[in-house]
Structure formats: C-alpha cells, structure tokens
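In what follows, chain A forms one complex with chain B and a second complex with chain C.
Entry: the complex of A and B
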C-alpha cells in the first residue's frame, strides 16, 4: 500500500510539473492550426497526432491538464471556505440556525448536483468567451458542491462545542470570536483540509462530465473534459487508440487522488 | 415514530418548496434567460418573435410565475413544455419508466456487486482479491460517467450497466469500511478467539452492527444513480429523464426544467426518508 501511495504522490508531482511547464513542453499553442496535417497520426512533430482542425493533440492535452488541474483546486478551496462558513456557523450557534442550515444542506444534497450544474450551465449565453466559460464552470462547481462538506464540518463544530475545553474556555470568559479563532478553527483544520482534498477529484470529474457533454469549457480552450468530446466519434477510436490518452490521464490523476485520500475521509 | 414521520414529511415539504423555487430562481438570474434561439430564426415573423419575447417576460416575474406554478401543481397540472410543445405530465409519463428501469437495474447490480466484494474481501482476506476489488472500485470512482458511457457505446454494452459500475464503488468502499470497523469491536474479537468461523462472525456479530448504517446509504445511492444516469442517457441516446433534462436545458425550457428538478428531488428525498426510517427501525429493534 505504501508503494502505491508513493507512486500516487509521484504521479501527482509529475503532473504538477507538466502543468507548470506546459508552455515549454508543448510543441505549439493549443489553438494553433496545422491546416496541411489535419487528422494526422502520431509523429515526431505531433506526438499524439492532430485533431480535425489540425491542432496538436499533445499540446492540447498539456494545456487541458493545466486548466483542469489548476482550477479544480481553486474551486475546491472556494467550496471548502463556503462549507466551513455554513457548517461552522450551524455547528457553533445550533438551534434554529443549525436547523435552517441543515435544511439548506438537505436541499443541495437532494438535487443530484450534476443535474443542477448542467441546468445552470446550459442557460448561460452561447457566445461566452472561453475565459468566461472556464471561470463560470469552475465557479459553479465551487458554488454548488459545498453541501456534503458543510454537513461534516457542522457535525465537527457541534461536537467541539460540547467538548470540555470549549466549556472551560467559555467559563473563563472567552468571547465568541476568540473561541472560534483559538479552539474551533485549529480543531476543524483537519476536517476542512480533508474536505478540500476530497473536492478536487470530484470537481475534475464533474468538469469532465460537463465537457464531454459540450457544456464545459468553451473552444478553443482545452480542458480534460472538453478533450473527451473527441471520443464521441466512436468509429475513429478503434483505429486511433491514442485518442483515449486524455481519458487515461484523467483516470490516473483521479485514481492518484483517491489513493491519497484516507479511507475514513472518503466515507459518505 | 409518529414524531419522526411528521418531522420527515415537514422536511420533505420544505425541501420540495425550496428546490422548486431555487430551480426557478437559478433559471431566472442566469444570464441568457430572456434570450431564445428561436429569435434568431429568420423564418419567423416579427409578430412571432414578439410573442416569444412576451412569453419570456411572463416567466421573468419569479413570484408570479411561482405562485401560478404551485396553484397549477395542486390541481395536478404540470404545465406545458415550451420547446417540445407537449404537456409536461405526458413527457414525464413517457420518459420516467425508462429512467426508473435503468435506475433499478443500476442500483440492484451496483449494490449486489458492492456488497458481494465487500463481504468477500472482509471474510476471506485474500490480498489478490483485495487488490482486485480496490482496483476496480478505484477505476470506476475515477471515471466520469460520460466517458464510461462513451466506452460502453463503443463496445455496444447496455448503458444501465455503466451506471451500475459507477454506483458500485461507493457501496463497496462504504460497506467495506463499516465491516472493517465492526469486525474490530471487542465482542467480535472475542467471538473469533473462541473459534467462531468467519461466516458465523459475519452473520451474528458484524452484520447486525453494520447493517443499519449500510441501509442509510440507500438514499444516497439513488441520488448517485440519478446523477450518473443523466450523462449516460445523453451520450447513449436513451430516452429517459436525463436526456429530457438535457434537451430542456439546451432549449431553456423553464416549466419542464422546474418539473424535472421537482421529480428528481422528490424521488431522492423520499428514498432518503425511507432509508432513514428503516435505519431508525433497525436500530430500535436491535436495542
């Protein structure tokens, strides 16, 4: 198990380096077209061949990884902050605040959020710029994916509020803000960090689903999800198996995250 | 028990009202709500385009739209789909059975596979089986539903099986975790020390502790199932609720979208309530 974990860390470090060095590793820009060599097979010039518009697939994969692997953690950070606020406030105050927050959490957990995401994403104007589409896609992921994490944080905060050291701190005259800063935040840090790591692969998968359905990042900007759209041309996948590489990269990245997540943390 | 059920029904009603209102709100505040692809149709007359714009304006007033919608809902009228020009009730009647059949298949196979592998790995403790089960669950938990659907389309395998494979990892990991925790409890260790066989330990000591918590996963698995069926139906061209939602979202068909959101939420909340009630009942009978 230790070997697998080390391998997972190595893969993620390697992917991060690739993402950082995409500009130097890519033979061309992600939107540069080689019109003489459309649908080309892999060669020294184009390691994964070119797509139907003559764009280098290897370059698009590198830049796609950069988009997905940079923005998914940002969305995860956003959702963790949101979950920390809602869950923390609910757990700290209890009573009606907790009941109302739990109702809101129940609501977000009841609607399959990919359903909600697709719906909201689909009503956006068709002519959004690629930069706007990528921002909107990941902002929506962050905005809609906080509920499960908030439930965990709420339970954690509630337990902490019942703990002896918090009672003693209160008896010693600690104000609310001081209590949160000195006792709640440090003790909830582990849970928040776990929720952050759990959210990253979830968001990468969600973006991949959106991208494969044509509702993710707009062309010509690539993402791991939008690169999967090439697989829809199922007739071409058998003779050109290198088209499956974005999917393989996606599975390897997510699997590496899953390996690193503790079993306790991936519990529902 | 009466208190539990009255609380549950109140929660259901509150969640349903909030879900439908939130759905309508999201549609309204999203940029592009007031525009319609049909306005670009050069074949339409100026009057037709004006009529389309008017129809959008009526929906734009959220409280008005929502009050009208709830009143109609109480009368059993789910409205008419703007894009498909058909009563929403008829569309649901046509599409819901397909999704429910696929969902039932996905859940049954996913649960059976997940439970079987979790029990097998816990009981026999064979490293290669453990590796295989963890590898399988790791692979499918890491695969986007749309990508797996594309692979299934390529292999011409039934799409519902793809949904089952995406539901299974959650069941397997959660169940295995619970069985692991339960099997480390002192009374289970004592039973083993006294020479009870693995199946006897599982049936008499581990399962009664883990079972009520596993039941709680039923509601969550339904939500996961519906979630993964949406992209699968779109990619594999299955005429179910997921594909309908996709078409409605693309056509910005608010009445249809709100009703679909309501139906999906209703099914999920009801399933969660039933699994919660079953869990409570099991805990009470065990006590």
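Entry: the complex of A and C
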C-alpha cells in the first residue's frame, strides 16, 4: 500500500513539474500550426505527433493539463464548499431550515441547466480571450454543481446529529461552532473529499461537452476536455493509440488523487 | 459481320436485363426523421430524400447532363416570355394505390403549392410577382399553367414539384414515383416499397425500379453510419466527411469523390448600420479594402488541403465552377498575398505597430469570428484563419455558438462581428439566390432588409437580379449573372473560402450507380440502381 502511495505522490509531483515546465518541455507551443505535417505520427520533432491542423499534440497535452488540472480542482473546491455549507446547515439545524435547503437543492437539480448555459453563452460578449472564456466556464460549473453533493452532506450531517457521541457532546455542553469543528467536520470530511474528487473528472468531461454548445475552451487554447472531444472520431482512434493519452492522463491523475484520499480517509 | 454485332447486342441486353432483375433491398441512412411526407412542404433533407424517392414529377433534371428530361410530361412548351408553360402528359399512369393520374391532379397540385396559406418554400420559387396562378386543364392529358409574371428557370423548377393526387383516399401517400412509403417506425426506420404502377421501363422493356425496397435507417451519428457501411449493413452514404472518406478509403471501402459541389463556405463581416458595434469597427467592416485584405490573407489552399483533406477547391465566388453554365469563367481565385493585403490596409490608414495592426485612430485590429458549435470543419477553418490573420497583426477570437443563438445574433440583435457559415445550393439555377443578393432580402446576411441599397454596388446588383428574374432568355440571364459574380468578387461582402467536394460511399454491390455532385448524389437514378447477389 505504501509503495502505491509513494508512486501516486511521485506521479502527481512529476505531472505538476511537467505542467509547470510546459514552456520548456514543449517549445513548439500549443497554437503553432505546422501545416506541412498535419496528423503526423509521433517523431523526434513531435513526441505525440500532430493534430489535424498540424499542432504539436505533446504541447497541447501539457497546456491542456495546465488548464484543466488547475481550474477543475478549483471549481470542485468551490462546489464542495457550497455543498458543505448548504448540506451541513440543513443537516445541523433540521426543521424548516432543512426543508428550505432541500427545496433549494431540488430547485437546482430540476432546473434545465443546459438551456441556462446556452442563455449565459448568448449574453456573454463575443470578444473575450480564450483564458477568460475557460475561467467563466469552470466558474459556472462550480456554481451549478453543488446540489447533488449537498444532498449527500445533508444526509450525513443529519445522521451525525442523531449519533450517540454527538448527544454526549451536547450533554457535555458542546454547541455551535465547537460541535461542528470537533465532531461534525472530521466525520463529514470523507464525504466532502469524495465529492471533491468525484467533481474533478465530472467537470473536465462537462467542459468538453459544453464545447459543443460553444461554452468551453475557445480555440486555440487546449484543455483536457477539448482533447478528449477528439476521441469522438471513434473511426480514427484504433490506428492512432497515442490519441488516447489525454484519457490515460486523466485516469492516472484521478486515480493517484484517490489513492492519497483513501489513505487520508483511513487515517481519519 | 453486322449480324454478329446484332446478336452480341441482343445477348448483352439480355444479360443486363437478367442482371437488372436482381431485386433486393437497398439500405442507407437518413440523418433525421423526415419532418413531413407532404412533398409540397419539404424543407429538411430527410423529407427531400423521401420526396425524391417517391414523388412523380413532370420533368426530371438529369444530375449528370443537367438537362431537363421528360418524366410524367412527355413534352412542354414555355411561352409569353416565361409566364406560361404547357405540358403534354403521359397516358395511362396510375398512383401507387391504383388511382388514375390526369391533368386534374397537376392543376390540383399547382393550386395547393401556390396557396399562400400553405407557406410552401417549393412554391416560393415560382412566386415572381403578386397575383394568382391559373391552371387550365385543356384535356385529361394536357394542361397549361399561367403565372402572374415570368418565372426564371421555369422548367427545371418542376423537378421539385411532386404531383399529388386530387382523388386518392391516401392523399400524399399515394405516389407516382418509383417507390412508396410502406412502413415506418418513428425514430428508427422507414421502409419504401416498389410502386407496382410505376411507368418507367428499361431498354429491354422491363419495368423499373429494379430494387424491391429501400430501407432508410435513422442514424444521426456519421461515425456510426460509416461503421455500419464498413460492416455492409448500409450500402450508400450520400455525404461523407473528408476524415471519414480518408479512413474508409484506407480500409479499401468503396468511396468516390464526385468533384467540387455547388455548396459554399464563406466568411462575412457585419455591416448592419444599427449593429451594437463600435463605430471604428463598422468603418473597418464596410471598407472594401479591409475585406479584400482579409480575403488575401486567408490561405484557401491550406483550408482545402488540411481541413478537407484535399477534397475541396478554393472558392472563387457565388457560383461554384462545377456549375459550368452559370459560373463566370473569367473570374480567378483570390490570390494569397499578405504583402498586397498590407498595401490595401495602408490605403485605409492601417499601420503595423510592433506585431499589432492598428487603424488610423490607433485602435488595435481585433474581432471575433462566430460559427456554429459542433461543426468541426468550420471550427478548424476559423482556427486556421485566426493564425493566418495573426501574420498581419490581427487578433481573432474564435467563438462557437449553438445554431439558434448564432441565428438570433445574425437576424435579430445583429450582435456579432464576423460569421463563418456555409450555403447548400440545391438549385443549379442561381435564381434561388435572389433571397440572398437583393439588398431588401432577409438573407442578405451582411446587411439585411435594407430600405434602399446602402452602396452603389448593391444597387447595381439589385437591378441585375430583378432583370435576370424577369427575363426568359437564358443567355441574357447568364450575362446578368456574370456581372453579379464580378461585383461580388470585387466587393467581397461574402469572403468565399472553399467549395467542398461531393464525397460519397457506394458499396460495390450497388450496380449502375453514377454519383453526381448534385443532390441526391448517390441515388439520383434510383430506378436503375440494382444489387448484385
């Protein structure tokens, strides 16, 4: 188990270094079009070959990881904090607070977000930089993705409030923030972390899907989502397995984080 | 010797006839459910396919020769400068349900088609002026139709008018074409069966069509359609994307490039005076020098070679060179010349400052190109144009929007800067582009619904368009159209990018296929298609 954990840490550190050093490791840049060598196979000049416009896939993967692995965790953190607040408050107080919170959760789960997102894109100005566009996209995902997680946290908090140790704590005079800090938060940590890690790949994939609505990462900036969108050409994937690397990277990163998470959960 | 030739010819004819009696079921895919079975209300591609396969028309345009050929009508005569047409009809024809066909049916169809309450886009093509159409039934086999004003390209327009039965209880489901709709499962498939009363016979006297039935599976995903084609589950693909074409070609599947189509892909700038854009940007977009400079900076050869894998040609103008009669052959492709582009821009006061192009007021030249999300070819073209324009210091932001949002910006709010879209030109006669080129038209995309022409060149195009629509003389109309093409080439309100090739896939088991660049590319001669067993 320890070896796997060390390997996971090593992978994450390595990936972070690679992403931070993208400028040096992929001097071709993510937007330069080598039009005479489009859809090239891996070579010394292009480690992962080139895409349909002749752009270096290695550079696009590194910069795409930089975008997605920075913004998706931030959005996941934002959504987890929101879920923790709404779900935690609902479970802690119960009664009408819980009913109101659940109503809000149900409302968020039932609203057709797809249409709302289309409307949001329609009102956004057209002349925004790709960086601003991708930030807005992940901010929206973070803002809208909390409801399902809040329901899980609410149920967890409610159960905890009925547990014997919380009754004992309350009988001992614990209340308010002290009760939350010492008893609720440590016990809800696992659920919150699980929601956090689950949200990261969900947001990366969601960003890829939003691209179909024009609300993803704008060209020429890459993201893991936009690179995964290329896999839609299922007819083309078989003879070019290197195109699966963005998917492999996503799986490795999420798995590494989860190995660490499991360890932390065991500790708590 | 002569006798030997005769015997050989008879044997060959018998062999063809025996082979042609193969029957069987042809299968291919529709990208969506047909929205209507009423041939007069057709607007979408799936309904158009059903109309073509089932509808009987008075004249049929041969997709290879582009000549009108007799179908339900044996002959016709246009008179009164294109206001009147008289048809002599074939004798003894019946609809698929056995109802007899007569001139009454043609009169009924034309009255229905031109009824303003029906809102038929097929009927709109015949509407050259206000007033009513009059159909005189001269006899059961002869009819004369009078239009209120001359109709351009009158004969060929009848290629899209499937004749309904005035008496059949099955209404529009009774057909005069080679097939009729026999079975339908919503969202899944349609089964067309051979029309037992179809009139056409082959050279050996055998009744057509050769096929017993056609199964049309509804399949939205072109990738899955390609996989099904490779597995032999479908035998035709009418429109293949360049990427899939290359893949199928590499896998030795039978695919054909029928040549440059009449479809165009173009970029245009918003020139609407009331658009919510800064005044300096409006000044750029209305400048001919600016538009021509942008055009000269776009490497169309690269677009055709990279985005379309070589299955496209750099576009020259409104009409594709494949439309040989109407294309103005004096025009040449716009050169890729960034030096000349910068010269043109300097004439308008633009100058390079470092790596940025600035206008005479010092504004950095930056604009967005909007296109419809999900169209990979257009997204790629926009990205390539983005890099091309960077060479002359212009920053482009590529924006993909869902089609309805894009349409709203193009037609309602006019809140966009440049747009990249394409036109599917179904009609060979450019008269169908009246709705685009008249300055008062809704689809005059760069500046629609003008009360009076905003520029002298638009005024000249208006004049030429009205003149060609009112003329029954094809050669005179060609002269008018040549001038319109010349003006459009010089002014570039639309910066035409490429004409895509018509790429099709036809399984080797399908015999007698002669793919055309014109719709419907693979099955335009469906009655003579046959399957090898």
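One rule holds for everything that comes next: the second predicted complex is superposed on the first by the 168 of 268 C-alpha atoms of A that agree within 3 Å, B and C clash if a C-alpha of one lies under 4 Å from a C-alpha of the other, contacts with A are read in each partner's own complex, and residues count from 1 in each chain.
The rule we apply is simple: a residue touches a chain if its C-beta (ideal position, glycine included) is under 8 Å from a C-beta of that chain, and two chains touch if they have at least 3 such contacts.
All values reported here derive from a predicted model rather than from experimental measurement.
Q: In the three-chain superposition, say which chain, chain B or chain C, touches more residues of chain A.
A: Touched residues of chain A are more numerous for B.
Q: Tell me which partner A:31 touches in the superposition: chain B (first), chain C (second), both or neither.
A: second
Q: With both complexes overlaid on chain A, does A:218 touch chain B (first), chain C (second), both or neither?
A: second
Q: I'd like to know which partner A:193 touches here: chain B for first, chain C for second, both or neither.
A: In the superposed model, A:193 contacts neither chain B nor chain C.
Q: Once chain A of both complexes is superposed, is A:228 in touch with chain B (first), chain C (second), both, or neither?
A: Only chain B is touched by A:228; chain C is not.
Q: For A:205, select first, second, both or neither according to whether it touches chain B, chain C, the two together, or no partner.
A: First partner only, chain B.
Q: Examine A:52 and indicate which partner it touches, taking first as chain B and second as chain C; both and neither are also allowed.
A: second
Q: Would you check which partner chain A:129 touches, where first means chain B only, second means chain C only, and both and neither mean what they say?
A: After superposing on A, A:129 lies in contact with chain C but is clear of chain B.
Q: Do any residues of chain A touch both chain B and chain C, and if so, which are they?
A: 118, 121-122, 126, 212-213, 232, 234
Q: Please name which positions on chain A make contact with chain C in the complex.
A: Touching chain C from chain A are residues 31, 33, 35, 38, 52-54, 118, 121-122, 126-130, 211-214, 218-220, 232-236.
Q: Over in the complex, which chain A residues touch chain B? Could you list them?
A: Counting only chain A, the residues touching chain B are 103-104, 106-107, 109-116, 118-126, 201, 205, 208-209, 212-213, 225, 228, 231-232, 234, 237-238, 247, 250-251, 253-255, 258-259, 263-264, 266-268.
Q: What part of chain B is in contact with chain A in the complex they form?
A: Residues 11, 14-15, 18-19, 22-23, 26-27, 30-33, 35, 37, 138-139, 141-147, 150-151, 153-154, 170, 173-174, 177, 217, 220, 223-224, 226-228, 230-231, 234-235, 242, 245-246, 249-250, 252, 257, 260-261, 264-265, 268-269, 272.
Q: Quick check on the complex: what are the chain C residues that touch chain A?
A: 223, 226-227, 243-244, 247, 302, 306-307, 366-368, 370, 373-374, 379-380, 382-384, 386-387, 397-402, 404-405, 408-409, 415-417
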